[in-house]
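There are two complexes below, and they share subunit A, which is joined by subunit B in the first and by subunit C in the second.
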Partner chain A sequence: MKKNDKRSGKKAKTDINVNRKRTIKKNMCVLRELFYLRMHGLMVFRLDFLAPFFVDGSLFVIQLLAFGAVYSHVDVIGGWGRGEMILYIGTFSLLNAVNMTVYFFGVNSIPYKVRSGELDLYLSKPVSPLFRLTFENISPGSVPLILMSLCIVAYGICTLRMPLTLPVVISYGFWVLVMTVLYYELEVVIRSVSLYVVSMARLEQIEEAGLELCMKLPGIAFYGVYKVIFYLILPYGIMATLPVQSMIGEMNLQTAAYGIGVVALFTAVTAALWTQGLKHYNSASS
Partner chain B sequence: MNDIVIHTENLVKTYRRYKKAEGLWGSIASLWKRNYEEKTAVNRMDLSVREGEFIGLIGPNGAGKTTLIKMLTGIIAPTDGKIDVLGYYPNDLQNEFKKQYAVVMGQKSQLFFELTVNDTLRLFKEIYEISEQEFQRNKHYFVKLFGVEELMDVQVRTLSLGERMKMELIVALLHNPRILFLDEPTIGLDAVAAKQIRAFLKEINEKNGTTILLTSHYMEDIQVLCQRTVVVNHGVKIYDGSTEELFDRYQKNKRIIASFGKPMRKLLLETKDARLAEDTPYKKVYEVPRESARWLLAELMKYEPGDIVVEEEEIGVIAERIYQEGSEYLG
Partner chain C sequence: MQSGFIRKGVNILGKYLEVTKTYMKTQLVWRADVILNMVFTVTKIIFAYLLWKMVFQQREMVGEFTFHGMMSYYIISSFLSQLEMSEGIGREIHERIRNGTFSKYLIIPVGIEKYFMAMELGIVLFYVVFDFIAAMVWVFIFRIQFVFAADNGVIVCAVVMAVLGMVFMVQLHYFLGLLTLKYQGIGTFLMIKNNLMALVTGTIIPLALFPEGIVKMMRLLPFYYVIYLPAMLLSGKCEEEAWTGLAAIVCWCLVMQFIIHGTWKKYLRKYDGVGI
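Let's turn to the complex of A and B:
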């Protein structure tokens, strides 16, 4: 009897693994097709395809000039010197560039799709609606921003004259990846509110203001209530700070555990808010 | 006996909508105290559909047709009652369930406007996990059936409304769904395109055995396609039965058009319960209860008309009568 239970348990586990593998494979195929469709779509209008390369590049340069103007007269912020700040700006830009390239335009369309009832078409297809929404508006025009951000990171490393070892690179890469997930989750959480209430414009403004502030000030510069806000409630403050801390050797076990904890918390919140939101979805009348 | 693929019992969907008093003070007051009213879009709906049936779902605007389809496809959750579609609770949104149906909404497109249909079909092939062989076979079958070979490589935005609807149907049918939900698929189409779409749907239902649930404001769609019709009004089902019987019951009058070679000022005939709808010297149009039509014809023949035509009542008039009188008449 026990042997049979064990066997059926093992079989159930194998089935789950097989299903999981199948879903991953399917999602990869869907992702590939979404990417092709997006490329086809962008290439229909040449200006649409080429303009982002110039527009996003110009915005990026303007942003850098603003940072330059702010930090040219400041030697130390929260204990970080010029080198660390360059690294911080490069890391934040990198996170933002990945966001713009991969998922921003898709996630940003959620409130519109909810209001217009277009979400109906996503809910009735056998693929995760959030997965499809996330990846259907990939922006290749923002890829140069990733390269430019990496250049700033490299410049920060040179300014700091720090030895670059493989473990440091891996650790930095890991934290950038984890914080990319956090950035994504924050965007989804804010836009999921549209599934519960009709208007949510002000929330997007809070997001913009928080991002703008944290792009200029590293998390270590926040104290008191600001630390609670930007480390826990809207954790934009840790997004670029933790990868930089991991690179410059300022990260301890406690900080790492905190970072992972926040991401885990937001993963749970995002999943719950989205799933429950879909139950609340009433669809626009046609 | 075929299997039941859709089953609902006491299905209810209520919406809460915000009501505000007129004017600025109404807006200010609403900041503190909100008044909501509940609107029942679908009220205690019982429905059973067997596999392979072609069912028409009709009702005036706001009757609850689209809400019912949205609940059956899982897009929205019911407020109360039982719902079972292909053995699933639709709002669980399981992929295995979604693979077995397709929904086409006349007012929402699943096509990418800037791209070609061929490009779009590839995405749906992956979404529905269709093998390359099956994909090619189905694509060729439907492309040939709909006669759209020339249109597969042109931008969707350049297609006419009728052509686009054909493409919507191809996309929906690509994975051989067991149930096809159609929400006003012929809306805005001209008579020729609507007729073509009707012919395709008939073939898909008859040859592939696809269960089809169709909502339409065009009674012709329902009369031509559906063996069974469900009439809803104010969220309540007021009729569920044979389409033929429904039209028979509500098709109360006939139109008799008599044309004359010479001007006829006045016809001295006993019109009884017939109504003179149009009166010109050369043409008289009467609306007469079906049972009195024979008698009126005999009367008219006395005046030796050049031509006489007997028509069924306009379908729009019948629809109006079904909705207006339906609740009381059918109980």
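Let's turn to the complex of A and C:
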């Protein structure tokens, strides 16, 4: 009897593993097809192909110029020198580049699809709607933006004259990855609101204003109420700050735990808001 | 004969005045936009406040600025940049040429450029009061000891320069919109232009913090006189540049008018009225 139970338990475990593998395989196939479709669409409008690179690239080059001018008059700002600031701008640019390349154009279309009722098509397909929405508008034209960001990061490291060890690179890479997830979740959370309300243009404006501010200002500048807003409510302030702090050795255990905690919190909020939001969705003109 | 001429002039002015009035009234429909426009001026001020507060903790002067002088500059430049709303003109023309509805402007009995000028005037006149209130509120909240120009001549000069700067920006966006007749898609270019404008008009940081060579080069461009110089003049700096600056922006407005005239004559024939 016990032997039978053990065997059936093992079988159930194997079945779960097989199903999981199948789902991953299916999602990979879907991802490949979405990429081909996207490339096909982009080739129709070739001029727009590199648009994200030029638009966002110019934005971060201007940031570099502006802070270059400030640092020609001062040596440090809040304990950070020119090198740290370049690293910060490069890291924010890198997060933005990954965002633009992988998921921005997909996630950004959620409110429109909810308003027009196009989300129906996503709900009726045998693949997770959020998965498809996330990856259906990959932008290969933004890949040069990733390369440019890495160049800015390298320039920051050179300016700092810091030795680059493997643990430092791994730690930086880990935090960039974690913050990419946070960036994605913040975008989904804000756009999921469209499942509950009629218009969410204001919320997008708030997102834009918060991002614009934190793009220019590292988290170390925030204190008091600003810290509550940009470290917890709209945590854009920690997005590029934590990877930089991990690289320059300013991160302690408390900061690391806080960063992970915020990401975990937003993962839960995103999942809940999206799942519940789909229940509110009333098809066209919701 | 003379009264007929005057009557004709008044009629023409009345026509554009109606456009201005209509756009002023239209703004009332978007009341939430008005409030948010006021509120969002604060992001520029927060950026300046937090950044320069950190910087001025270690020193009393940066370039020729004290902390309160710097904040006064940001309050004025933020007020002026918030009033500069002509970007929509370029986009409107771009969209209408692309979908073929630009014909509307060819049919109505007004000069298209003047129509957009009147439209911009209506929007600016509506927002000027609210943006002024917002600026005063930020001065109060951030406890800024506001530094303002003392010389009346300089103040008048700065106000006229800021108005001419806005006229120039309307001309620029009108010209960029017309480029759709040749290049079909200018959306990307408009976005890059916005990024560049933030730097060259001194809304991110005052241009005075750049090396002297770069500032000299900027003086040759019209953008120096759109927000940066009026803001500097109103915060009591660069007073020696007031009259030359005014002359420079007048020249740029005239040059831009010639460019618009040439572009209009050259490319209008490409417009087919059916969209691209």
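In the analysis below, the second predicted complex is superposed on the first by the 241 of 286 C-alpha atoms of A that agree within 3 Å, B and C clash if a C-alpha of one lies under 4 Å from a C-alpha of the other, contacts with A are read in each partner's own complex, and residues count from 1 in each chain.
Everything that follows uses one rule, which is that a residue touches a chain if its C-beta (ideal position, glycine included) is under 8 Å from a C-beta of that chain, and two chains touch if they have at least 3 such contacts.
All of these numbers come straight from a predicted model, not from anything done at the bench.
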Discussion item. Going by the contact rule set out at the top, does A:Thr165 touch subunit B (first), subunit C (second), both, or neither?
Written reply: neither
Worksheet item: Who does A:Ala69 touch here: subunit B (first), subunit C (second), both, or neither?
Response: second
Practice prompt. Check the residue A:Asp120 against both partner chains and state whether it touches subunit B (first), subunit C (second), both, or neither.
Written response: first
Worksheet item: Is A:Gln254 contacted by the first partner subunit B, the second partner subunit C, both or neither?
Response: neither
Worksheet item: In the complex formed with subunit A, which residues of subunit B make contact?
Response: 15, 66, 70, 73-77, 91, 93, 95-96, 98-99, 101-103, 105, 107-108, 110, 112, 114-115, 119-120, 122-123, 125-129, 155, 183
Worksheet, complete the sentence: subunit B partner, complex, touching residues on subunit A are 26, 29-30, 32-34, 36-37, 40-41, 44-45, 117-118, 120-121, 123-127, 278-279, 281-283, 285-286
Discussion item. Under the definition above, what is the set of subunit A residues touching subunit C in their complex?
Written reply: 47-48, 51, 54-55, 58-59, 62, 65-66, 69-70, 72-74, 76-78, 202, 205, 209-210, 212-213, 216-217, 221-222, 226
Discussion item. Give the list of subunit C residues in touch with subunit A in this complex.
Written reply: 32, 36, 40, 43, 46-47, 50-51, 54-55, 58-59, 62-63, 185, 187-188, 191-192, 195-196, 198-199, 204-205, 209-211
